[in-house]
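Here chain A shows up in two complexes: once beside chain B, once beside chain C.
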Partner chain A sequence: MTTLGVWIAALLTLCILSFLYKDNPFYKFAEHLFVGVSAGYVVALTYHNTLIPNLFVPLLKQGDYILIIPLILGIMMLLRLFPKVGWISRWPLAFIVGVTAGFWLITYLQSNGLVQIRETLRPFNSLGNIVIAIGVLTGLTYFFFSKEHKGVFGKTAKVGIWFLMVTFGASFGYTVMARISLLIGRMHFLLSDWLGLIK
Partner chain B sequence: MNQRRAVFLLFLSIAFFFGISTAAQQNAPPAPPTEVKAFDNPNDAGGGITITWNKSADDGQGENDVLGYEILRSTTSGSGYQKVASVLAGEESYTDGENVEDKVPYYYVVRATDAEFFSDSAETLPAVAKPQWFNTNRISMLVAVLLFSGLVLLFISWAKGGRELYIRPIAGLAAVDEAIGRATEMGKPVLFIPGIMDMDNMQTLAGITILRRVAQKAAEYGAPLLVPTSRSLVMTTAQEAVKEAYLDAGRPDAYDPDRIRYLTDNQFGYAAGVDGIMVREKPAAIFYMGCFYAESLILAETGHSVGAIQIAGTAMPAQLPFFVTACDYTLIGEELFAGSAYLSREPRLLGSLKGQDFGKAIFMLIIVVGIILESFGIHFLDQWLATG
Partner chain C sequence: MRRQVPLIITFIAGTIMIIAYFIPREPFGGLRQRFSVWFLIIAAFALILGIGNLIKIHGKRISRQSAGWGYSVVLLVGLAAMSVLGIGWGIERSTPFHYLFWNMQIPLSATMFALLAFFVASASYRAFRIRSFEATLLLAAAVVVMLGRVPLGNLLWPRLPAVANWIMTFPNTAGQRAIMIGIALGVVSSSLRIILGIERTYLGGGQQ
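Now for the complex of A and B:
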C-alpha cells in the first residue's frame, strides 16, 4: 500500500472509531463516503461480474435466447421508475418470491429436517447420545406453537430453552474472540503500517 | 564323501527348482477381474454408466501384487478401447461419467495391473446411459414433502372454513404493538431493519411479512416508519408491503416511499449507515427481522445506546446470542417464521404454521422410535432416511 493510501485508510479508520465517543462530523463524513463508494462499487461490480458474463455475452454472442426471459423480468422491474406502469414490477417480484419459496422447501426439509433427524438417531449407549436426544426433543417442544407452555409441556420446553441458551453462550464466546481478533488486526494496522510503532 | 556330495547336489537342485518356480510365479500377469458388468447408473440425470467386477484372484490374496484396475471403454465391440479411469486395488466398482453420451452403447473392459504386467477381463455387454424420471433414493424426501404439504393444505382449509386455530403467545411479538405505541407517544420514528440478505432468503421474506404488520400498526398510530435496506430488491418489496399496509390502515396519504431507502450492498457500509440513522433520528422502537451476520451486534448495541425498545428475530445461530444480549425481545429461529402468522392471523399463514407444528410432532415421534430401534441394533429407519 502506498504511503498516501495508508494515511487515507488510517484517517478513515479513526473517523469511524470516533463514533465510540459520539456522533460527530468526522464519523458522518466517513459514513457517507463508505456508503456512497460501496454502493457505486456494487453497481460497477454487478455490471461487470453479473450482467456482462451472465446475460449480455451468452445472449448476444452465444445465442442463448432463453435469457430473454430474465432480461424481460429485469426490464419489468425497472418499470417501477414510471408511476403509470409501475404495477408491472410486481410480476417479477412475485416470480422471485414464489421461486424462492419453492426452491428452499426441498433444501430446508432435507437439511433442517431429514438430515437432522437422522443424525439424532443414535443408540442410547453413551451420555453424549442421550444428551443429544434430550436436547433435540426438548428444543423441538419449545418450537411447538400449537400448545401453551404450561405444566409438563411447559417444563419440557424450558429444558429446551436451557439447551438453546447454553449453545448461545458457547457461540457468543467463540464469536467475541473472533471480533477481538478483528480489532487487533485494525490496531496492528494503525500502530504498525501507519505509525510504525511496532514491527 | 560321495554320499555327502550327492545330498548337497540334491539339496541345491531342489532349492534351484523352487527358486525358478517362485520367480516364474512372480513374473506372471495377475489374474483378470471376473464377472464384469456395465449398466446404466441408477437414479441419475443420464450421462453415467456403472461398472462392477469381482476382484482379481491376486488382489488381497494369491500373489497379492495387484496395484489397481484400469477402466477401458469403447463404442465398438472388440476394438478401439481407451482408458477412462484408474482405481486402486480392492475396488470393485466404478461409475463412468466421463463424456458419456445418453443412448450410445458402450463396451467396457477392466484391466488388472501389477508392477510389470496386466490382464484384461472379458468385454461387457453394451451399456446405454439414460436419465431416470424418479430417484428412488429420495423416496423419504417425497414422503416428507407430501406429508408436510398435505398437513399444511388441510389446516389452511380448516382455517378458511372458520375453525379456530390456537397459536401460543410469543413474547417478542406480543410486544410489537407496545413498542410502536411507545414510539407514537414519544413522537419518535419506528426503525425496521429487514436484514442484509436479498429476496431469495427465507428470513428476508419472513421479515417483510412482519414489516407489513408493523407498517399497518405504525400507520394506524401515526408513527413514522423508516426502513433502510441493503438490497435494491428488498427495498422494492418493502415499498410494496408498506404501501399496502398504509392502504389497509386507511392512511394512504401518510405513505412516503422515501422512508424506505436503499443504502448499500456492502455489509459494514450498511451498518455504518444504519448506525448514523439511529443516532440522528433516535427511533423509539427498532425491529431487526431477517438474516444478519457480523453487523448484528454493531446495530443492536447502537440501538440500545439510543434507548430504543428493540425486538429482533433471526434464524442465524451465530447472531442470536448478540440479539439475546442486546435486545429486549428476540424471536429465536422458527419464531421469526411463526411471527408473520401470529401477527396477521391470516388463515393461510395460520394453517401453514399449524401444518408445520404437526410435522414437527411427527418428526419427534420418528426420533423416539428411531432411537429405540437403533438401541436394539435395527437400522431400518436410519437407512430409509438416507436421501442419497
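Now for the complex of A and C:
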C-alpha cells in the first residue's frame, strides 16, 4: 500500500464513519463512489472470468460457432433498455429462469431436502440426536401454515419457534461478531497504517 | 407469441436440466453442459443490462441537474474508472484496477459493513426490550455464542465455550435444518410452477 493509497483509504473510511453523526455530503460521496466502484469491479471481473473464457475465446479462436446463440440471446436481453422492443428480452430471460428452475429443483431437493432429512433420522442413542430430531420436526410444524396453530399442533409449533429463536440468536451472535471484527480491522488500519500510533 | 414462446423456452430449458440429472448420457448430458455455459453468458449480459440501467438513471439525474446530481457524477466516474482499467489493463496484482480495488473498494465495503455493528447493536437493544420468552431465548443464545467464541468467555466460566459449541451443534443445527428443508420444499414447488407455466410473473405485466 503506497502512502497515497493509505490516505485515500483512510479518508474514505472516515467519510463512511461520519454517518454515525448524521447523513452528510461526505458520506453520500463515499456511498456513491462505493456503488460505482463495486459495479465497475463486477463488470471487469465478469469480462475476464466469464465472457473471455466462455464466449470470446471459444467463439473467435476455437470456432465454437454454436455460441452465437447465447450471444444473440444476450444481445436480446439488452433490448430491455428500449421500451418499444423490450418484450424481446423475455426470451433470454425465459431461458435463464428455466435453467435456474430446473437446476435448483434438483439441487435443493438433493442437498437441502433429502440429505438433511437423512442426517436428521439418526438412531436416538444420544441427547444430541434426539434434540436435532425434535427441533427439525417442530420447526417444520411451525412452517406449516395450512393448518391453524391450535391445540397439540399449536404447542408443537411453539416448541419449533423456540428452536428457531436459538438459531436466530446464534446467527445474530455470529453477525455481530463479524461486524465488530470488521470495525476492529478499520480502527486498526486508521491507528496503525494511517496514523502510526500503534504497531 | 410474445408470451407463449418464452413459456415454451422455460419449459424446454427446465425439463432438459431435470432430465439430464437422471439421464446424464448424450444428448442430455451435453445439453446440460451447454446450457450451463449459455446461462453464464446470458447472465453476464443481464449484468451489462443492469449497469446500462444504472448509467441511464444517473445520466438522467445529471442531464436534468436534479437534486444530488453531483453524487451521480461520482458514481459514474467510479464505475467508468474500474470498468475501463479492469478491461483495458487486466485485473491482476500491480495493475491500476488492483490499486483502486485495494485502496477504494476494500476500505469502503469493510467500513460500510463495520458501520452495521452500531445499527445491529441499537436494533437488538430495541428488539430485546420485548420481554417475551422467545426474545430472551434469542438473546441468551446470542450472548452464549458470542462469549463462547472469545477468550473472555473462557475466563468468566471455563465451560462456556463447550456450551456455545453444544448450542451450535444441536439446537442451532436443528433450526437451520428445519429452515433448509422448508426452503427446499419451497424451491421445488416454485420451480415446478415456473417450468409448467403456472407461475408467469417473471414475464412482467401486459397481455402481449
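Observations, loosely collected:
Definition applied: the second predicted complex is superposed on the first by the 199 of 199 C-alpha atoms of A that agree within 3 Å, B and C clash if a C-alpha of one lies under 4 Å from a C-alpha of the other, contacts with A are read in each partner's own complex, and residues count from 1 in each chain.
Definition applied: a residue touches a chain if its C-beta (ideal position, glycine included) is under 8 Å from a C-beta of that chain, and two chains touch if they have at least 3 such contacts.
Note that the structure is a prediction, hence the values are computed from the model and not measured.
Number of chain A residues touched is higher for C, counting chain B against chain C.
Applying the stated contact rule after C-alpha superposition, one finds that A:38 touches each of chain B and chain C. In the superposed model, A:105 makes contact with both chain B and chain C.
Look at A:70: by the touch rule set out above, it reaches chain C but stays clear of chain B.
Residue contacts after overlaying the shared chain place A:148 against chain B, while chain C stays out of touching range.
Of the two partner chains placed by superposition, only chain B is touched by A:122; chain C is not. Looking at the shared chain after the overlay, A:159 reaches neither chain B nor chain C. In the overlay built on the shared chain, the residue A:23 is in contact with chain B alone; chain C does not reach it. In the three-chain superposition model, chain A touches both chain B and chain C at residues 16, 19, 28, 30-31, 34-39, 41-42, 77, 80, 89-90, 93, 96-97, 99-101, 103-106, 108-109, 113, 117, 120, 133, 136, 140, 143, 164-165, 167-169, 172, 175, 179. Against chain A, in their complex, chain B makes its touches with residues 140-141, 144-145, 148, 165-170, 199-202, 205, 233, 236-237, 240, 262-266, 268-270, 272-273, 275-276, 279-280, 294, 297, 317-318, 320-322, 324-325, 332-335, 338, 342, 353-354, 357-358, 360-361, 363-364, 366-368, 370-371, 373-375, 377, 381-382, 385-387. Those residues of chain A whose C-beta lies close enough to touch chain C in the complex are 1, 4-6, 8-10, 12-13, 16-17, 19-20, 28-48, 50-51, 54-55, 66-67, 69-71, 73-75, 77-78, 80-81, 87, 89-106, 108-109, 111-113, 116-117, 119-120, 127-128, 131-136, 138-140, 142-143, 160-170, 172-180, 182-183, 185-186, 189. Here chain A touches chain B in the complex through residues 16, 19, 22-23, 27-28, 30-31, 34-39, 41-42, 77, 80, 89-90, 93, 96-97, 99-101, 103-106, 108-110, 113-115, 117-118, 120-125, 133, 136-137, 140-141, 143-149, 164-165, 167-169, 171-172, 175, 179, going by the rule given at the top.
Residues 2-3, 5-7, 9-18, 21, 34-49, 51-54, 56, 68, 71-72, 74-83, 85-87, 90-91, 97, 99-118, 120-121, 124, 133-135, 137-146, 149-150, 166-185, 187-188, 190-192, 194-195, 202-204, 206, 208 of chain C touch chain A in their complex.
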